[in-house]
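Each structure below appears as structure tokens.
Look at the two complexes coming up: chain A is in both, with chain B in one and chain C in the other.
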Partner chain A sequence: MKRNLNINVHHLTRVEGHGNIVVNMKEGKLEKSHLAIVEPPRFFEAMLKGRSFHEAAVITSRICGICSLGHQMTSLKATEAALGLEVSKQTILLRKLLTDGGTMQSNTLHSLFLAAPDFVNQPSVFAMIGDNTETVLRALRMKNIANEISEVIGGRAVHPITPVPGGFTRIPTVSELKKLRKRLVEEAIPDCKAIVDTMVALHDTIPNFTRDTEYISLQCDDEYALYDGDICSSDIGRVPVNEYRRMTNEYIVTHSTSKHSKANRESFMVGALARFNNNYSKLRGNARNSAEKMGLKAPCCNPYMNTIAQIVEVYHCTEDAIEIIDTLLAKGLKVEKPNQEPTKHGQGIGSTEVPRGILYHDYTYDRRGNIIRANCVIPTSQNLGNVDDDMEKLVPEIIEESKESIVHKLEMLVRAYDPCISCSVHLLDVEFIE
Partner chain B sequence: MSKDKLKVAFFDFTGCEGCQLSVLNFENELLDILKYVDIVEFREAIDNKTDEYDIAFCEGSISTPSCIERIHDVRRRSEVLVAIGACATLGGINALKNLQDTESVRETVYGKDKYLFPTIPAQPIDAIVKVDYKVHGCPMTPEEFIKIFKALVMHKIPVIPDYSVCVECKLKENECLFDKGMFCLGPITRAGCGARCPSFGQSCIGCRGMVDDPNQNAQLEVLKKYGFSIDEVRKRMNLFNAKDVKV
Partner chain C sequence: MVDINLSVVGFGNRLYADDGIGLVVLEHLEKVTLPDGVETVYGGTDGFVLIDLFRKKKRVLIIDAVKMGKKPGDVCIFELDADNLNIIEDHISFHSFGLSEILNLTRQLKIEPKAKITGIEPMNLKLGDAISPEVEKKIPEIVRKIVEECKSYV
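The block that comes next holds the complex of A and B.
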């Protein structure tokens, strides 16, 4: 069919930040299909110039409200690497617990609040109240428990307070941890099971679309990598974090205030599905079983399944958080002063898996501990090329469908990536010449 | 839905959307809130759009020409406009970029393509249009949002503290951070957060802005006593208050 089609979804809803979907087809030939990023520029790396190492994480956490915790963790790791600040085992455990909480919170918010309305044909989670009240209540409770991890350990759900270079300004008490554990065991685990059952029933609403691509995430030997590890590509295997630039290769496109990236192909995917594909064998048993129940097997090349991979991770992180709390309680909590005496200065690179994918912060410090140069590479900007390529393959496949259905599937596709557009438009590679 | 419910909308400009996220984080209160108002526009969470609003909550700074157009439009269509969070009430973190030359920053970032992506110095919303109420903080203080929200629903005027964070910190019986050898902006920063950061062992970073009439002399004396320089204070203060700090 020689079809003309013009789609312009202005300010796509239920995503974090401002993006437009643009598709232009003339006489059956696709002329244009992309996600235009129209978020106002932020200039974060410029703001960091001259700021002290105490402030770097305070500033970069403000790149994004939803992944403030992930930015904070990554920033602290970069600062500690640059200044030679060692942290204790207890600090690492508490940070991993926070990371589990951050992943649970964000994945729940996305899969059940922002993406789920698509599965039941509703305009928002609020409209789901009534027909799907039970699911909404479970989602709210799950998010509440995840946020409680952030509040107890970090002092606050959005822009946590206590994590600082070298450690924490406050250590949680034994009774706070026990209370958290109780909620995780008695509320979160049953909710995980019920949410998995709900998703099994909705499985048919997920579009059947596949496109093989390169998957990039962190990887480590002893666990499902979220807080630490090497970079892992499904195409070329493991690469040290210090070589992140050859795995991101950023470039400017005119339709986006965020830069795009490429590694070993034209585009690559990061996020829950990439982690699931690369680290499937490291998932905790119940989480792995839940994936199978929901029809998700590694490797999976359907980007819409990213939402399902997020739910699998919520289950994984819930179980992981319980085990970390058990370890902390068994070892006993010690009050420790953060180690803030730099032993060197220069460049430091930190990387963690934030909910939307692999994140890099790269700082260079002067001898007084002030930032000379900063670079942050954000998951959403790494995914943008892959979204455009998916759209290019998808549109011709569904061109016979109604315009409404095409728009719906394109919106669902972009949402499946859980784009965090404020994050992606923070502007990159600001080199200061002094 | 009943006709009597207030029509409430959320809008975001330049910021991290953390304040809107704080609204979605009212897991226990959200369903109760929906009994009293209809959320008619909230791009981060819902598809619907409406033309006029009883209350518009606006997050983020004004930092591009299109932000200016949009905020005028929102103001025209709203009965009450509430700025939420430091970006909207103070300029916040975004205003840090104002400390550097805009043109050179744009050029370093975008090179010859800089004109594709216009930007202006980041400003709080009340620099452009009338703001009726402010929910301060970075992120906005959730308890204060609920307090102001309740007052508006009941057609009352919300009370926002005009005393310093130190007052709330003393009431919590925290040890003074200056006595622990740390720096703190508590003496001049507007209360209302329950001295959250000092209560978690972290200095106040001034995210709620200054009280209306800060006692600068007293603050200077405290700083002198504990051996901090004016430059140090300026640098710390401009983290969130860049537009108010004279360099």
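The block that comes next holds the complex of A and C.
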């Protein structure tokens, strides 16, 4: 059908920040299909210049209200790499526990509050509550448990204060960890099972769309990599984190105030689905079983399944958190002072998996421990090129459908990426040009 | 242990100048003697903190920058109810899940929030980690008003 189509979704809802979806098809030929990012830049990198190593993580954790913890962890790792600050095994375990909590809350809220309304064709989570009160309460409980992890380990539910360069200023007590473990076992695990059942029931509403994609995430030998690892591309395998620039190659496009990235193709995907595809064998047993139950198998090239991969990760992180607590309790908690005596200065690069994908912080410090140069590469900006490429393949495939249905599928696609636009701008609305 | 009668929750982003005033005032409140049964809670940019407090049927006093068309640093304590919800939805918020969304959610979940808002008129909501001098000089007065408010709950 030689159709003319003009879509312009101005300021797409249920994503973090501002972006427009613009699609323009003339006589059946796709002229334009992209996600335009219109959020103003905030220049965090410039704000870091001249700041001491004590301040870097405090500032960068404010890049995002949703994944402040991920920015904090990545920032601490970059600072420690630059200044030669070794951290203890206990510090790493406590940080992994915090990372599990951060992933649990962000993935749960995105899949159930922001993405799920698309599955049942509702405008927002508020319209869904009526028959789904229990699901909403489960999501809130998961968020509450994750906040408790942050409070017990990080000293505060929001913007943790005890994680500092070189370690922690306070170590949790045995009774705090035991109480946390009890909640994870008695509340979070049953909630994970119930959330999986909810998603199984919604599975048929996920569009059947696939596009062969390069997936990039962290990877390590002994676990499902979230806190640390090498960069892994589904196309070329592992690359050290220090070579992140050749795996991001940031460039500027005219339709976005956020940079785009490419690695070994024109675009690539990061986030829960990338992690799932690259690290499937390292998932904990019940998480892997839940994936199968929800119809997700690796490798999966359907970007809409990112939401399902997020739920799988919630299950994984809950089980992982329990095991970390068991390890900490078995080893016994040691009172340690953070190691804040720099042994060198210069460049340091930190990378962690935050809920939306792989994040890089790259700092250069002077001999006084102040930042000379900083670069942060955010998951959403890495995903933007891939969203555009998905839209370019998707629109011709669904062109026979009603405009309403096309808009719905485009919005749902963008939301599946769980974009965090404020962070990436350094842009969502759908614009059909007819 | 004294039962908590009132949770005083500060919201804001310290990197958006006066948007961080709720957090700065919270820090000041942590240094003064508050009546027994009053706790301070760091809300940051996470409105979900409120849902947990509302579900526990706690009385809540929110401190946040609110655009009310008054002079910078002017403070106004008002009930959180449907009549003034429009004011709340109008104020510039950089929070991930705004106050109006949280209130909408609590209502749908049939949780009755018992809350007041201490609105502080901001002057500058641009990037920057310093509070405007015009707002900063009013902090002692704001703290005094909040302490008085806390006493009325005990």
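Convention: the second predicted complex is superposed on the first by the 425 of 434 C-alpha atoms of A that agree within 3 Å, B and C clash if a C-alpha of one lies under 4 Å from a C-alpha of the other, contacts with A are read in each partner's own complex, and residues count from 1 in each chain.
Here is the rule we go by: contacts are C-beta pairs under 8 Å (C-beta built on N, C-alpha and C of every residue); 3 or more make two chains touch, one makes a residue touch a chain.
The structure presented is a predicted model; accordingly, all values stated were derived computationally and were not measured.
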Is this a clash or a fit when chain B and chain C both end up on chain A? clash
Taking the superposition on A as described, I'd like to know which of chain B and chain C A:92 touches: first, second, both or neither. neither
Could you look at A:236 and tell me whether it touches chain B, chain C, both or neither (first, second, both, neither)? neither
Applying the touch criterion given at the start, work out whether A:144 contacts chain B, chain C, both or neither, answering first, second, both or neither. both
Touching partner for A:174 - first (chain B), second (chain C), both, neither: neither
Chain B or chain C, by number of chain A residues touched: B
Of the stretches 92-100, 110-118 or 218-226, which one in chain B hits chain C? 92-100
Doubly contacted residues of chain A, that is, touched by chain B and again by chain C: 16, 42-43, 47, 59, 62, 65-66, 68, 125-126, 129, 140, 143-144, 147, 156-159, 422
Which bits of chain A are touching chain C when the two form their complex? 16, 42-43, 47, 59, 62, 65-66, 68, 125-126, 129-130, 133, 136-137, 140, 143-144, 147, 156-159, 422
What part of chain A is in contact with chain B in the complex they form? 11, 13-17, 40-43, 46-47, 49, 52, 55, 58-59, 62-66, 68, 109, 113-114, 117, 123-127, 129, 140-141, 143-144, 147, 155-159, 161-162, 164, 169-170, 252, 254, 257, 422, 427-432
Quick one: which bits of chain C touch chain A in the complex? Just the residue numbers, please. 13-15, 42-46, 48-49, 51-52, 55, 94-96, 104-105, 108-109, 127, 129
Chain A-touching residues of chain B, taken from the complex the two chains share: 13-22, 24-25, 27-28, 30-31, 34, 39, 42-48, 63-64, 66-67, 92-94, 96-97, 100, 105, 108-110, 113, 116-117, 119, 138-139, 196-197, 199-202, 205, 235, 239
